[in-house]
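What follows is a set of notes on a single structure, which appears directly below.
Chain naming follows the written order as A, B and C, and within any one chain the residues start at number 1.
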Amino acid sequence: MMQNNEKTPLLSRLSPNSNSNSEAPLLSLSGPVVTIIGSGDFSRSLSIRLVSCGFRVVVGSRDPSRVAEGLFPDGVVLGSQREAVKAADRLVFAAVYPEHYHTLLDLREALAGKVLVDVSNASTVGGEGPSNAERLAEMFPRSTVVKGFNTLSAWALQVGAHDGSRQVLICSDCSSSKASVLQLARSLGFTPVDLGGLFAARTIEEAPLILFPSWGRPVLTTFLLFLFFYGYSFLRQVLLPYLDKGRNNFYQLPLVLVNQTLPSVALVTLALVYLPGILAAVLQLARGTKYRRFPVWLDHWLCSRKQLGLLSFLCVVLHAVYSMCLTLRRSSGNAAQVRAPVFTQVDQMVWRSDLYLSSGILGFGALTLVAITSLPSVGNSLNWREFTFVQSGLGYAALTLSVAHTLFFGWDFAFDPSSYSYFLPPVYMLALILPCVVLVGRLLLFLPCLTSRLTKIRRGWESRQHRPKLSQELGSGSGSTQVDSPRAFGDV
Amino acid sequence: MMQNNEKTPLLSRLSPNSNSNSEAPLLSLSGPVVTIIGSGDFSRSLSIRLVSCGFRVVVGSRDPSRVAEGLFPDGVVLGSQREAVKAADRLVFAAVYPEHYHTLLDLREALAGKVLVDVSNASTVGGEGPSNAERLAEMFPRSTVVKGFNTLSAWALQVGAHDGSRQVLICSDCSSSKASVLQLARSLGFTPVDLGGLFAARTIEEAPLILFPSWGRPVLTTFLLFLFFYGYSFLRQVLLPYLDKGRNNFYQLPLVLVNQTLPSVALVTLALVYLPGILAAVLQLARGTKYRRFPVWLDHWLCSRKQLGLLSFLCVVLHAVYSMCLTLRRSSGNAAQVRAPVFTQVDQMVWRSDLYLSSGILGFGALTLVAITSLPSVGNSLNWREFTFVQSGLGYAALTLSVAHTLFFGWDFAFDPSSYSYFLPPVYMLALILPCVVLVGRLLLFLPCLTSRLTKIRRGWESRQHRPKLSQELGSGSGSTQVDSPRAFGDV
Amino acid sequence: MMQNNEKTPLLSRLSPNSNSNSEAPLLSLSGPVVTIIGSGDFSRSLSIRLVSCGFRVVVGSRDPSRVAEGLFPDGVVLGSQREAVKAADRLVFAAVYPEHYHTLLDLREALAGKVLVDVSNASTVGGEGPSNAERLAEMFPRSTVVKGFNTLSAWALQVGAHDGSRQVLICSDCSSSKASVLQLARSLGFTPVDLGGLFAARTIEEAPLILFPSWGRPVLTTFLLFLFFYGYSFLRQVLLPYLDKGRNNFYQLPLVLVNQTLPSVALVTLALVYLPGILAAVLQLARGTKYRRFPVWLDHWLCSRKQLGLLSFLCVVLHAVYSMCLTLRRSSGNAAQVRAPVFTQVDQMVWRSDLYLSSGILGFGALTLVAITSLPSVGNSLNWREFTFVQSGLGYAALTLSVAHTLFFGWDFAFDPSSYSYFLPPVYMLALILPCVVLVGRLLLFLPCLTSRLTKIRRGWESRQHRPKLSQELGSGSGSTQVDSPRAFGDV
């Protein structure tokens, strides 16, 4: 396994325990020697992990004597950088800061033919010039450079095996070196993902610097909706009455207005989860084929549905909590001004308030079940039809119950002219527009003619202008092409 | 790796990047070529996954020119079906609809000796005739057919590596071909499960069509319990007073009756979680051995315990929410008829209401902790003794606290003859029967004589009529047989 | 694969199905034969798992005729112990109780050269004498003993593949045998962890006997805090008024006092989560280096932060529920004595109660998000910067909002001399001490001079007394050593 014949004193410390029963194993890792240059936190955590998975580890440090006692686990051999590199079978981790790469130039001959793994992060997003991995590849032309392992924290490296697989992004120009590193990542219990050649190194290096990349737009959307509805309520209920009649409703700002805004935001966001599916279905029906790509904005929207749904759920939870707290406040004078349903012993009002509460609770329950299946471990235990049933079926049920909840809430007052203060409708009416559009659209898509045509399109049928030239091999006049297994209706 | 010597123009596009540092790798996958026939969604998602895990992919389509630009990732070579099959090392995925299998018959010679992976689903449950995989095996007698990968949605295939392992059901008549597919599934980050020979193909094909197979009976049970208790409450509190005295209590239907039914259902369902364990223990004690199989109905009941527990938890949560909402309604007239505890300043009543609320909250908290450990990721981070401690210990605590909650609620009124309207006891009394049976049974099983005998039986001891013939090797008179590691008491 | 040439009748039953298409597989497991001695629950579950992952299994029992029909799955060959051991390729599981190891002594020659896997647990913690694995190694000197698989319950073995990876602790003196068992564990879908030589066997054997090892001290801390605050409240609000004025406040015991204690415990526990980070930062600043190890108590404290945080969250949840229930009780007389905010129409009080409720709800929401990311599956889907952002950033937000909540609650009364009954301050004032210390300390650490110095130290800079001798290779006067990638500030 050594690249040269001489067995250094270092390597002799790595010989396996002599054992009278050792035979050529049938299934076994040969316990290869992995070298780590550098003796910091990352080096320490990686060595702990490698040792616990059966590898032999050599750590190379500039000054081995200065490394603290007990910092590295038993089984790790400490040596100078040159000794460590010579002892490596193939893989050498460069666990040093990018600004110190030049200090390794002395080891160029020792590193020739080995695989150098670059574990550094970028310092800023969108920087100029080559990535760290590309700079390293230029400095060491006789070694192959593989980029990887930089997205893990030292702590995850150390305990990761206990908490399940974690994603490790790998890229390299040399496929055999990349394959070695992929295999090592799997042996350590990670899930490696191959991102291609070394040009992808910058993306990998910037990955840890970007927080929650898929949440940016949904959070912005939800925030803008919140500002809109809060501003509308503020205008209609606080500012205009103040300017017009001098009434002081500013006490409503922290709780009451927030509790009107939250359900509106939740309703609209939940509608935004199901609207792109309907738009996509309409697009497929209009085009008569499913093979043309969607517009980019629709693609992004379809990928954000999970985040929008979870934000909607968050707003619903806060709305439920705020509602309870508001009702607990026994300021009856304030309550009257918020147009809360007046609880009297009139049977009709009791029926309406019970329906309003019931539909709200059941809608909340349905949305909670959808949110629970969004947890990675729960979602993974369902097959895709079950997952679609919950996310799509229960989700539409939650949307319908929420619309019913809002309609029951506002039923009395929608026809009362006094609701339209300053010719502005109550905020819940604005919130109902988009959900009703979504529900009506979905019902329309249930029409037999549309349903059958959409199912045909999704099974691969194409309308006349898209039909392919009939060749000998097709042999049928239906024009159906060979496509893959069917998906549940409603899923794009 | 090619089955014939000629290297097609297709395959030349698959040669790895030339690299001056390429050496024979010590640990590496040889990056075999996997072929997919078909160019639909499944084919696309599978190719994305294969490429990201380091495989080389060739996709065969009837008309490669019609495949949309950018549909397949870089690294995938597109060609005709014949070219693609010839380029394959061994594995060929048939990603076409079953009704189009006959169009592949031209490729019979090219497919000879290769492994054909059938990824189709059944169209209906319980159909007649051979499964799709068996039909494919008849059509291609010189290839081996492996059934698999049909339970994953295209989306899960594409992103699955990030969310943890997913189950893939595999079956085949040829064990070496099956082993290849098992290994491939593992390399892609899935958890393959071997279901045996091709006779299991129908089961695998129908698997995606059956939603939540393990939840059917528990949901039915819970629903029937709900109907029973709701009907009983309706009869006793709405219908009989209406027929008898003309009192109109129909307003109680949406909220009040539901809030009496939910806790009853929750109590009985929670008791049903722990009852089979007690029955099993009694059966083992009566039979004097643990080696006789349980009756089938008891086996099924034992396997449904998790689902019953989660349904009970759902009912408890809804009950808590409904209770809060009901109390918020300031209809004092209605409240009096529901026999809610009357909150006065009488010390005794305050003590009783506080105990009633406290026990309810603590029981709810205990059941929440049990529900949290039912989440797959949390349950997996506990070892089996910790898991048993929570599920069994905290579960029994939750049951006891719930019974206490109900007893405190009803204490005053159980001895008041006016509770027994129309000679029917209040609904919570009915609900208490089964939980009390369970708790008493559990306490009885704590008796020293029964405990020691049961532990002996679970360690393998057998009573006289079951004792084996003493052979020379046994060498002891106790009749203990060699069995496995002990389980926690209370677990079957 | 057989150790001797003769092919027993047993093994002939294991030959793969004859198949005209069988060729030498490119990627395949050779389906090695694994033997299990013993026919109890563990043996049964392990065989089910092995068969479902493509292995061939032979089970050796003392009396194969006594094994119940259908107990073992198809594909498992049942034989005598001697036959089974002879049929094994290499791995033999000893699934028998430790007290029965001596009955296997006849098989010493048959077991020579094979790997014996010991799956037993210890019966007590902290016992004397050699571990079971070491005793087994003494009895079978010509076989190698590997300790493992004892931490899994039979049920987890059987279904584990569906629920994700589970930890398996392995140790052995022979590294090639250990490597075989590590590989087998991975093939079965588990995550093996190598704990070194056979001296670690006792630790592994005792592991299942210790429940929740990392929760012991945090739970004790939280419980002691609960006792302290409850006792203080009891003294101040129940006992002293009773002794002093004969007032009977004992009704407060189950709900009111608990609802004062819970938020105090939650506040202090949450402060205890972030205090060690600040102490560690101060220690690093004072010492001028990050390479000296922390004191042992600080290390343990840092490792308990997750558990303390979850316990704090539990107390917050219970506090929210208790608060709702208490407010629902319409005992106005009692309410007055608890110094709840009096809800009048005075604008100031309405503002204060709204702020108090708002900050409480938002702090609760923030802490819920932190708790959700503590779920293993959710935490694993975040990279470490996102994880730190939530746990550290949102956590400090939750702490700040909770302190604000408490300050708004008590604002009116802190300056009212009547609050200080018997010269004892209200309990929430005691609870505020530690959180305020933590928040002030954190703000101080934001000072530019301290921040820059701490970042330098964490990147490896060392103050003068720790600086290493400048060698030729360093070539710079800054004294920076080569260290690993930077961590987020605030993390140790």
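Simple rule for what comes next: a contact is a pair of C-beta atoms (placed from the backbone, for glycine too) under 8 Å apart; a residue touches a chain by one contact, two chains touch by 3 or more.
Being a predicted model, the structure only gives us computed values, none of them experimental.
Annotation of chain A and chain B: jointly contacted by C, touch as defined at the top. Think of chain B turning onto chain C: fitted on CA atoms, that turn is 120 degrees, to the nearest 5. Although chain A and chain C share one sequence, what matters here is the overlap of their interface residues, and that overlap falls short of half of the numbers used.
Chain centres here are Cα averages; for chain A and chain C they lie 24 Å apart. For chain B, residues touching at least two other chains, in rising order: 162-165, 324, 328, 375-377, 380-381. By the touch rule above, chain A contacts chain C in their complex via residues 16-17, 19-23, 25-29, 31, 38-43, 51-54, 61-63, 66, 68, 70-71, 74-75, 95-97, 100, 103, 106, 119-121, 150-156, 161-166, 187, 189, 207-209, 211-212, 248, 251, 254-255, 258, 314, 317-318, 321-322, 324-325, 328-331, 333-334, 375-377, 380-381. Residues 1, 30, 32, 89-90, 112-113, 142-144, 162-165, 167, 173-180, 182-184, 186, 191-197, 291-293, 324, 327-328, 343-345, 347, 350-351, 353-355, 357-358, 361, 364-365, 375-389, 459-460, 468, 471, 473-475, 481-487 of chain B are the ones that touch chain C when the two sit in their complex.
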